[in-house]
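Same chain, two partners: chain A is paired with chain B first, then with chain C.
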Partner chain A sequence: MIDVEEAARRIAAKGESRPRLARDPVNQAMVNNWVEALGDANPVYTDPEFAASSVHGGLVAPPAMAQVWSMNGLHGQRAADDPLGAMMSILDEAGYTSVVATNSEQTYHRYLRPGEHVSSSIRLEDVTGPKRTALGEGWFVTTRTTWRVGDEVVAEMVFRVLKFSPAARRETVPDAGAVLRPVISRDTEFFWEGTRKGELRIQRWGDVLRHPPGPLPPDGDLTAEPDYVVAEGTGAVYSYLVHHHPQVPGKKLPFVVALVELAEGVRVLGELVDTDPEDVHIGLPVEVTFLRVDDELTLPAWKVRA
Partner chain B sequence: MTLAGRAAIAGIGATEFSKDSGRSELRLAAEAVSAALADAGLTPSDVDGLVTFTMDGNAEIAVARELGIPELTFFSRVHYGGGAAAATVQQAAMAVATGVADVVVAYRAFNERSGHRFGQVSSAAAQQVNTSGVDNGFHYPMGLATPAATVAMVAQRYLHTYGATSEDFGRVAVLDRKHAATNPRAWFHGKPITLEQHQASRWVAEPLHLLDCCQESDGGVALVITSAERARDLAQPPVVVAAAAQGSGPDQYIMTSYYRDDLAALPEMGVVARQLWRQSGLERSDVDVAVLYDHFTPYVLMQLEELGFCGRGEAKDLVASGALELDGSLPLNPHGGQLGEAYIHGMNGIAEGVRQVRGTAVNQVPGARHVLVTAGTGVPTSGLILTAA
Partner chain C sequence: MTIAIGTELPELTIEATPTFVISTALATRDFQDVHHDRDAAVSRGSKDIFVNILTDTGLVQRFVTDWAGPEALVRSIRIRLGVPCYAYDVLTFTGHVTAVDGDDAEIAVTAKGSLGDHVTGTVRVTLPGAGS
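This part shows the complex of A and B:
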């Protein structure tokens, strides 16, 4: 077991990383590209004459470019003593393999001028967790970056990321290539079209619902035309089994297959996911969920109704 | 006109039952047919009809070529897996009763353990482009993809409906294995099991333990059917087909008839049963031996109920009472069934029925005259009543 908090204390104790000089000094070419890309038409960044007459008395760089100057470039490497890099490695090892940025607060102490060469240093401020989030369990990692020209602090940034372990996403079938695909006929096509759209469609002949669907109503009326209802998707387990052996393509053993009686009165079969088999019983309230295999195929399935 | 008593089984033959036959399925079929003809005192040139399962891998013409059967006037196949077993005899009986053929051999041969194993997931069943493939589309992709799983769904509901337990299923396995233990031809000869062993065996598809599921086997069985009249002149005492019937029920599927009002029933076997009693003129109390298809133990209990040997939900009590023992009122599967002897898709059960009527079975029920034999359940099925001439 990796002690994340202990590692965080160790990294934080090292303090700020050594100042790392930006690849290039503040330069007009980069400013021109940046304001163009961002759509910032302020001439104080690009027009020497205008700038000379402004409060700045000459060209300045947009303050929000602070991080631009110290970026590592496409093939750049983090500094060896970069505490964010060190913390990310620890969390990767601890199984928190995914990352998402959550906050970035920048403070600008003054404008930078072309020709000034900034350095940046990073300090690990805080590591909080583990927290349960919608994305999965993870740690909030907060760092402070300080930009300097010489010894003068020109800008600062408090940056926070969530480093998390992705929650098991059951809506995507793990071994999609191996899933047994349904043979689909003209009579059953609408059902599978429905599952692709997240609808559990039940064939309707007048007042009579029929599942599995077919080309004729139960009374054999050749003149009848079917449509379908989109089931509310709730029902109760009518019967079920726990499959232990042998391996079934696209399924992880053991798994539960349930025959569910829908509120609409028909039975529909599907895997009952995200449930301990021990907790399943006849009468268990369930609701529909959809397991996406690929663009063509989505399987109806069940989960326990909250 | 009735089929009752018109035809007889005049010969039976089989290969050894194994887990690895070491030879082709066609070779197994030819050996079984050859043995059945020898048993009947006939030769290949006497045969003019062949019938088997649609699932069998050996074409009638291939079997005819190998054995030198010169001409066939009748060849037929019966569908729905093991549900075909008794129906092959029905087809043969109808052919001889109508004069379409004189001597028909019904056969089934496969390397079902060393070759294509039925217990595994069958992508072929899931992907067949026909109505059964479309049916399976509502089951296989969701993970319901093995025979055991399809039965487990019904078994669970049966337990719930009638308050039966896994031990009630287990008693069927224990009984079959007890009978197999004294049958030298059985794969599980000398290997009885206890109820504790049944309960301790691993789950396959809960509520089914491993020992609720029949074995997979390599082997072949063949039956020679001719008219009751001609059978009297042949080598063996004729075993008359007193009744032969097929049955399919309302809203029928293959192993997944899950959309009927009552899931804990086998109405297709009820269809068979009604015909068997009517055709034979016999009653349940006349049956001396029952050879019930036992690919999975729950369906043995449910067959006892469908056949009317007890009321709904009462089969567990019938089994527990000892009535199905060799010395009970309704001895069950004296050869050890498919759980104990071999899984030859029900055909070895018919051969056992013949031996019981002849009085030559290894676990002979004294004085057996009327034997009921059923075919695969959970599918459209079939059944026979065999009697002494």
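This part shows the complex of A and C:
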């Protein structure tokens, strides 16, 4: 078991990574590529005359390019002492294998000019979790990047990612062992014995049918004894729902659960199988089918009547 | 220019064509394959290539300075990242002034695509002369 918080404390205690010099000084070619791609027409970045007469007194780089100067590039690698890399490895090992960025907060202390050469260093600021999120359980990892020219801090960024385990989103494979099993009592034993034999048995008290089966007839006569009839197994959808969420052990989502009114007059619940949820409607004619889970358990279900 | 709390910024729409997604990713020196290789993006569970974060920050800056003018000094850009912006989507940037203090102003920005809010954020700018 990996102690994420302990690892985070250890990495944070190391402080800032060693300043890494950007590949290139701030330069006009990269600024031109950037403003062209983003469609930014601000002349202080590209028009020397305009820039000279502006508040800047000369050409400057777009502040939002701060991070561009220090990107690792096509074949670049994180610095060995990059705390974000270290924290990501720890969380990968702990099973939080996916990552999504959530926040970027950049502060610009001043505009940069062509020729200036920035360095960047990163510190781990905070690791919070585990949190339940829509994507799965995960940890929020916050780092602070500081850009400097020489010793002067020119820009900073607080960057937050969610490092999460997408386990909850994985499709559940149908697995007999994972089926939710009904509680079988003296009163319901006959029903489950029936499904094992391919019979849909309905409890009968005198001439009154009752489903789901119970310990007493509807009139409460304590001396009565029930028997059962074997239903024909045909009926129509009385009501239904489409289950989209949450996951149900052994089920592929979405699935349809239908309350079916049998020809005999009682209503019985079951999954409506092999049907597109879009095609289900009230009154749809269905017939019983039996889903064998194992020797002990067979579930009644419905399929559309041909 | 004079500004007041509630002042709306002119909308900006960005067509995130594949060319836009790729050229901005490369111009920001972000070579992660999900920003230029559709097969790789799809195999990683995305619908298509998508706009990178450095471009989001840059577009928010452009949206604000297109309105505030070339003399505006951008002090900070804080963004929260929402749904992805895949190739062929269209982003619409809207914003309004939320605070004014002398020459300094704060602007709330939202960039919406077909899937919902792609970016929401706050930009602080100094507008020389705005407070006088």
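The definition used in the following text is that the second predicted complex is superposed on the first by the 167 of 306 C-alpha atoms of A that agree within 3 Å, B and C clash if a C-alpha of one lies under 4 Å from a C-alpha of the other, contacts with A are read in each partner's own complex, and residues count from 1 in each chain.
The rule we apply is simple: contacts are C-beta pairs under 8 Å (C-beta built on N, C-alpha and C of every residue); 3 or more make two chains touch, one makes a residue touch a chain.
In this text the structure is predicted, and so the values were computed from the model without any measurement.
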| item | value |
| --- | --- |
| Chain B versus chain C as contact partner of A:306, first or second or both or neither | neither |
| Touched partner set for A:134, first chain B, second chain C, both or neither | neither |
| Which superposed partner A:13 touches (first chain B, second chain C, both, neither) | neither |
| Chain B versus chain C as contact partner of A:29, first or second or both or neither | neither |
| Partner chain(s) touched by A:222 [first = chain B, second = chain C, both, neither] | neither |
| Touching both chain C and chain B, counted on chain A across the two superposed complexes | none |
| Contact set on chain C toward chain A in their complex | 14, 20, 23-24, 26-31, 53-62, 65-66, 70-71, 73-81, 128 |
| Chain A partner contacts - residues on chain B that touch it in the complex | 119-121, 123, 126-131, 133-146, 149, 152-157, 160, 202-208, 210, 256, 258-259, 263 |
| Residues of chain A touching chain C in the complex | 30, 33-34, 36-44, 50, 54-55, 62-65, 67-68, 71, 73-74, 100-108, 111 |
| Contact set on chain A toward chain B in their complex | 179-185, 187-188, 211-212, 238-251, 254-255, 257, 259, 266-271, 277, 282, 297, 299-301 |
